[in-house]
Structures are given as structure tokens and as C-alpha cells.
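A, B and C label the chains in the order they appear, each numbered from 1.
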Amino acid sequence: MTIIASLVIPLIGAIGIILAGRVNANLRESVTLITAGALAWTVWSLLPEVLAGGRPAVSLTEIVPGIEIAFRVEPLGMLFAALASGLWIVNSIYSIGYMRGNKEKNQTRFYTFFAIALSAAMGIAFSANLFTLFLFYEVLTLSTYPLVSHKGDEKTVRSARIYLGVLLTTSIGLLLPAIIWTYVVAGTGDFTMGGILAGKVDGPEVGLLLGLFVFGVGKAAVMPVHRWLPAAMVAPTPVSALLHAVAVVKAGVFTITKVIVYIFGIDFLAESPSGDWLMYAAAFTIIAASIVALKQQNLKRLLAYSTIAQLSYVVMATAILKPLAEIGAAIHMVAHAFGKITLFFAAGAIYVASKKTELHQLRGIGRRMPWTMAAFTIGALSMIGVPPTGGFVSKWYILAGAFEADNYVAIATIIASTVLNAAYFLPIIYFAWFEPEQPGTDNDHGEAPLFAVLALTITAALTIGFFLFNATALELGRQLVSP
Amino acid sequence: MNPSDHLAALQVVVLFLAAPIIVLLQARRLAWAATTLTSLLTFAIAIALTLGVLNGQDYQYFMGSWPAPFGIELRVDGFSAVLLLAITGASSAALLAGYHSLDQQIEAKRQPLFFAAWILALAGLAGIVISADAFNIFVFMEISSLASYVLVAGGPDKRALPAVFKYLIFGTIGATFYLIGVGLIYMMTGTLNLADMEVRIHDVADQSPVLVAAGFITVGLALKAALFPLHIWLPNSYTFAPHVVTVFLAACATKVSLYVLLRFDFFVFQQNLTGHELQFTFFFMPLAVFAILIASAVALFEKDLKRMLAWSSVAQIGYIVLGASIVSLAGLTASVLHVFNHAIAKGSLFLAVACLAMSFRGLRLNDIAGCAKAMPWTMGALVLAGLSLIGVPGTAGFISKWYLISAVLELGGGIAIFLTAVIVIGSLMAVVYIWRIVEHAYFRPAETEIVAREAPLGILSITWVVALANLYFGINPELPVTLSELAADALMGHIK
Amino acid sequence: MELLGYYNYWVFAILLMVGFYAVIVRNNLIKKLLGLAIFQSAVFLMYITMDKVEGGTAPIIQEGVADQIYSNPLPQVLILTAIVVGVSTTALGLAIIVRIKEAYGSIEEDDIIAKDRES
């Protein structure tokens, strides 16, 4: 029941938002916050049971024999759901500051589709089989389209077209055949510990099926299906922050991890040589995306390419197929979420306060917007993987797993990308704090709106806090690999 | 006399009784009301027949109690039930929407005649589906065709006239080919009853007249079904017909010809002519692939809403034929399922277009630019129906795509991959042309000075009912799936 | 001779093709319709040919006459139906042509297509 509640609460919230939007804006924002709070409370209430080893499940309906809508909470899904629901509260606080500060239009539509998207994310997190996951995956794509195309001007609509085009093409063109193929050969699509494909496919078919899945899950942004992420940056920053740093992209890597662990099975995939390419594809994405990020001048696009690289960290870690690396993959979902959402919050705060979007405009901005830039610094350090930020913890585990597997390609990639991360983040921080401002009239601004600052302070604190308080996440990750 | 004994015959008799009465009803609302009531009555009969079929009842009805093979036999099984539901349902929905839409397009004094033609078209289509006699099928086919010509030409657009003339020529050629085929078979077997034919053809199989007959029947019915490349009559006819006529015809008219084709082929030809299954596959599969790819591609470039959706229908017929050409239980289930689901999806799309037509004179993409602000509910229904056409999970269209891809994957090997790619590419092209409509409606500023208002409640509510049916049958497809499986069993059972 | 014995069928095939040719090639709508009518009458010929039994008479039972060979009545009945259908189709087609003439001022297909393209 709790599972169904976690899907329904955001939907009821959406209806509430539409109704409240006709009354006044404060009521509407309150509805959002209450809904987010209720959702987080519901989702987190499942945590003790899952930590103790329980796997609550519920089956909703059978569509046709063999294909049903069913939910089952397992450690990775619990982690994802807890992360998304908790951060929705913070993001809602941020949205209030951003949307009002920017005087955005159509705010009711914005908050409504946000709620629907969160419901879809919950559906993905708790899905018990491939069909349910695919259903909510598509709902997530469609419900985020109005958010990405929010501005409505021609450039935005064109970018939103790319967003939708890439995501739907990969999901209908690659993911759906992969899912149907799985159902046809394995007879089921249920997520099962140890996988369901052992003995059903062999040889090059394994690699092919894995490829269909990995590139079919466009939301994980493994190159070359990554184009939608930079295109999605035309969205208002709260969208970029929660969805394209947390919900949507995490849904992507979450799906890939879930497929590898529960459909293929770690042991089966380790034995199949045709699955080896995945790690190299992920490694390539990491390096290539980091190099492209180096050349970016627009802050949000830089963060987008950084996200692409960070997502492939998770994919690469999963592809190493060692327990420590899997745990690292799970934790990196959390660490990256905290860090990246902070970075996006900061970017959006800068835009609201000063309308600045390009890197060269950010010289000396640290003195005008100390809170914002402090948070940005923490987030950047987390991306690089410097203690005492959360990013350090996850990198540690991934490296440990890579060493355990004697995987020198992975080790080299992590080291190289750390250097590249530093190369594009550290200059921004340096210029923001230590360089004098460019003379000009657009420097006449102060700190960002209160709600925005509040939100980014919370997430920055979470980033550091994750370094210290990560036992729960680690436990969930451990249960993922050894139930 | 128990009416339920004669249910199969009543399906058409009620309509034939109603038609002359409607001509006499000069008050236009009265004519509409009588027509709609009759259509709803036949819908109820269709539902009753379907429930009987699901219960396992075998409907075999002899007209005038003359036994087969002397008399004309009527038969209703799973396959017929699916089509009856689609035909009568589409007709009823279109008529309910027509309260507003037809008033706008057809002069009051011609309406009684128009509605009489509608009833006759409905009678013809229903009659084809329940007949188990080859010539009876021809008679009903021509009744429905002639009435359809009148319906298509009934609207205010003068371009409908050359379109309907072409439709007439093509339709008559198709029916005549079918007639030649039936004549040749009669010559060789001496019977017109399908079940009897199945037995008797065995003795004369593989002789030239029978092979020629198979050819003529196939091509004739393919013409009427608008199977690529014999689809040329369809786009213009659907575009320029009155809007609810398009709803009615797009949902079921061509599918009925496919029904006859599959019945004839699987019941009579497949097991009796050596190697016929292979010919079926090798003839129809490439045509289906072309239909899907080429028709979707043309739809991509169309600027007129109705023509775009008409070309989309040609592509969807390709999907149906693709499933059938696999000649397997799974393939036929997918095929019949898509007949049902496409009727709902395309029906609701054209209903939404009819709603748009209440406010806009032209239906080109530029004409409806920015209409989503004024007509949010209409566009909402259109988006929902469009998602079903694309095959987004949770909609009826997804279920048929799922079944179709599963059936194709069963083939294995390179052909499975190729056909899956074709199906997927067709879906992606559908995404593109549906999204063009969405973008124009939601994001372009309104270019005309027409002050659009939301469509009237009557037509809007029936549009939403059918649009929601897409969702319902996407989550709970038990009814169409069961019927499709019954149909596939019956068709494949004759190949043993 | 076998070939001549199939004389009716030869005529049927020729009429079929003549009608079909007229439908496709002719520009004038009335000529198209006439081609269609010829096309359909070929089929009528085929049906009637098949039911004529050599030495058969009209299929009416006469009292007291046994061992009579009758021609098959069924195709004759079928063809009556088909003739009616053909007549209706021709009538409908001519009605449409009248309306086309009113709307377009011409019944040549080229002119109609040209007019549509202009508008």
C-alpha cells in the first residue's frame, strides 16, 4: 500500500496544484511543499523494512498473461526513491525562489508536471519487472517535455524537440525491442536476483542485447545517445537541477544497473565475453564528455557535459562487475546527485540575480554572491572527488572495485577524468573568488533570492554530510550485491 | 419468436428496416436522432453477439431456414465479433459527434437522405462481416461501397467529388475482381458457401481457374483494403469527406475488406493450394513493409491534418497485413488486435479533428497554429489518441505493437530483426508527425484572426470517451485480446 | 477445336481489357465510367457462360416432363444482382459527374486536377 501511496501522492498533489493555482500562488507553492513532504515521509517510511532485508511488493494488474504492472522495493530502488523524494522538497524550495525571481510564466503548469514527473520516477524506482519500468520510463519522458519546453520560444521548442526525439527514438527503437526480446526468450521480465537470461541467450546475442538496453536507455546518456542532455539545458534551472541531475538521469543509470544486476545477472555477464564492450563505451564517454566540458563557455552546458561524464562513472562502475564497484555505483548516484544539484542551484541563482550565463562573466562574483559561490565550490570539489565531500566516498569504492578486478582501463579513466574535472572546475572557482570583477554595469546585483540560497545551502551541507553520514546508503548498496 | 435466436440476422435487418423510415423523417434533428438510435441499437446487438461468442456460442444462422449449401448462411465468430464492435462502435461514436459536426457541413434538407445512406453503409459493412456466403459478401460489399460514395460526396468541399469519383472507379474495379474470382470458384466447385467451398476445392486444387480465382480475389480485396500500392483512392477520399464520415470510414471500412481477404485465404485457399502460405507471405510481407515505410514517410511531409492522418491509416493497414503475413497464431492475434486498437486510436484522432473543425475552417497545420490555448480539451484528446497511435505504453496501440513485435521475433533470424526495425521506424515516424501537430498547436502563435472557442460539449465528450477507451484498453486489453486469440485460432485452425 | 469452344471466354477477356483500358487511359470522366460499365459487363458474360449447359433449357420445372437437362439458374440470379449493382454504380457515377461539371465546369480529368492545384 505504501508503494502505491508513493505513486499516487504526487498525482493527487498535481491535481491540488492545478486547483490551488487558480486561487493564489502561495497556496499553490504550499501544496507543492506539502506534497513533497508527504511523498518523502511515505518513501522514507519504507526504509527500515528494506534495511532489515524486507522486500515489500504489490502487484497492481495483469495487462495480458505474462505482463503485469507490479512493484517490488529492493535496495537500489529504495536508494533512488529516497534520494529523489528527499531532494524534491529542497528543489521545491529552490523553485519558489527561482521562478518568482525570474518572473516566469505558466508556473502552475510547471509545478503540475513536476509532480507528475516525480510520480513517474517513483514508478521507475519501485518497478518489479521490465514492462512496469518501461511504462513509467515513457511517462517520465512525456511528463518532462512540457518542463523542458517551458519557455515556449522557438529555440527552446527546437531543443525540446531534440530532447524528445533522442529519448523516444532510443526508447521505442532500442529499449522496447530489447524488452520484448527478453520477454520472448526468458518468458518473464521480472527483476530477479541473479538475472533471468542465463542459459537463454548466449554468445554475441548477449552483447547485442546489452547494447540494445544500454543505448536504449537514453536517459543514461552514454555516448552517442547523449545529445538530449545539453539540449535540455534550455529548461528553467529547477528542471535541470532535479530532473537532469537527479530524477531523469538517475532513472537512466538506475535502469542500466538494475538490468545488469537483475536481468542479466552479474555472474552471467562476467562469463560472457561479448558484454565486455560496455566498460569501454562508458570509459570513452567519461573522457570524451570531460574534454568537451573543458571547451564550454556556457555554465549550464558545462555542467551538462560534466553530468554525462559522471553518469558514465556509474555505468562503468556497474560494468566492472565486482561487488565493491557495484556499491560504488550505487553510492555515486547519491553523491553525484547532491553535488550536481548544488552546482545547478548555484548556476540558476547566478542567473536569477544577475542574468549571467557565461563563464567569463563570473569573474569576482564570489564577493557579491558568497553563499552561492561557496555552495558551488563544495559541489565542484565533490565532482572532482576531494574529501570531505561525498564524491570522494563513491570514487573510493569505485576505485577499490577497479583494483579488485585488475581493471587498469577503469583506473586510468578515473584518474584522467579526475584531472580533467579539476581542469574545468578549478579555474571557475579561482576566477570567482580571487579575480577582480570585470568593469561594467551588469555587476550591480547582490545575492540570490532567499529561497534559492536556502536550498543550495541545504544541498551543499548534504554534499559534505554525505562524506560523514553514508552508512545507510552503504548498507543499501551492500544489500544490492549480497542479499 | 425469440429475438435472440435471430440476433445475427437482426444485426443487418434492423438497419434495412430503418433506412426507408429515416428518408421520410424530414425534420433534420429527427433524422439524426433516428439514425443514432438505430446505430446504437446495432451496437447493442454487436455487444450481445460478442458476449455470446465469448461464452462459446457458435452463431450459425440460415436465412429463411434454407440449409447450407442451398441457402445463405450467416456466421458470427471471434473474428466477426471484433469487426462488428469496431464497425457499430465507430458508427455510433461518429453519429453522436455528428450532432454538431454534420449540422455544420450538410444542408438541412439533404440530411435525411444523407443519414439513410449512412444506415445503408453501416448495414453493408455489418453484413459483410456476418456473411458466410461468398456472393452475399459481394452484395453487402457493394451496398456499403455505394452508400460510402454518397457519404464521402456529402460534404461542402467540392474537391470531394473528383476524390469520390476515383474512389468509385477503384472500388468498383476491386469489387468486380472479387466477383470474377468468386465466379471462377463457383465454376470449379459448384458452391458459394465458404465452408462448403473449403471441402470441395480440395478436389480441384491447383487447377488454373482456381489459382486465377485466388489471384483475382486477393487483388480485388487488396484494392478495397487500400493495401499499398493500391491505396491511391484513400487519402483524398478521407481528406475531403465530412469529418464524421472520415471517423466512421477510417475506423472500419478498409479493415472489413481485410477481414474478407483473411477469411477467404485461410479458410479456403491456404490448405488446399500447395505452397499457398508461402505465396501469402512473400506477396504480402513486402507490400506491408512498403506500406509502413512509404506511407509514414509521406505523412511526415503532409501539411493538412486529415491527409496526414489518412496516410497514417495506410501505414497502419500495413501493420495489420504484416501481422497476418507471418501466418502464425501470434501474428494473426497481433493483426486482429490492431484492427480493434487502430479503430479506437484513429477514430479518436479524427473525432478530435472534427472538434477542431468546429472552430477552424481550414485544417492545415498553419491554420490550427496555437489552438491549444483556446481548445485545451480538444488538443488533450488529440495528444492522448496520438500517443496511442505512436504506441506509448499504457495505451491500446502499445499492446498491438507489443504483440506484433513478439510475433515477428518468433520468426527468428535476420528477417525478425529487419521486420522489428521496420515496425520501430514506422512508430518513430508516427512520433514525428504527431509531434508536428503538437508543436503547431501548442507552441506556434495563432496566425489567423479566427476567435476559437472550445468545441461544443457534445462532440467533445464523445471524443474524450473514445480517447479514454485508448487508455482503458491499454491497461485492460482482455476483451480485444481474447477475441483476437479466438479469431487467430479459428483462422489458423483451418490450415492444419 | 478447343480454342474456338472457348469463344465466350475470349470475348470476356477482351471486353475486360477494353473496359479496363478505357478506365485508365481516357481523360474524360464519362468515358471512364463507360469503360467501367464495359468492364462489368464482361463479368456478366462470364457468369452466364458458365451456367449454360449444352442441350440445357430454361430452368423451369414442367409437370410431367422427366429427364430434362436444365441450365444452371444460380449464376443467372447472381448476375441479375450484379447487373443491378452495375446499374446503380453507373447511375451514381453519372450523378457525381453532373456535380463535378457544376463545380468545376469541366469533366476532363486534367482540367479538374489543374483547377485543384490552383486553388
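Just so we're on the same page, a residue touches a chain if its C-beta (ideal position, glycine included) is under 8 Å from a C-beta of that chain, and two chains touch if they have at least 3 such contacts.
These numbers come from a predicted model, not from an experiment.
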Chain-level touch network, classified as line, ring, star, complete or other: line
Distance-to-centre winner among chains (Cα means, whole assembly as reference): B
Approximate Å spacing (C-alpha centroids) for the pair subunit B, subunit C: 28
Rounded Å distance between subunit A and subunit B, as computed from the means of their C-alpha atoms: 44
Subunit A-subunit C separation of Cα centroids, rounded to whole Å: 70
Subunit B residues touching subunit A - in the complex, by the definition given at the top: 387, 390-394, 399, 401-402, 405-406, 409-410, 420, 424-425, 427-428, 431-432, 435, 439, 443, 475-478, 481
In the complex with subunit C, residue positions of subunit B that touch it: 135, 138-139, 142, 146, 149-150, 153, 158-159, 161-162, 164-165, 168-169, 172-173, 175-176, 179-180, 183, 186-187, 192
Residues of subunit C defined as touching subunit B within the complex: 20, 23, 29, 32, 36, 39-40, 43, 46-47, 50, 74-75, 78, 81-82, 85, 88-89, 92-93, 96-97, 99-100, 103-104, 109, 112-113, 116
Residues of subunit A touching subunit B in the complex: 61, 63-64, 67, 69, 131, 134-135, 138-139, 142, 149, 152, 157, 161, 164-165, 168-169, 172-173, 176-177, 180-181, 183-184
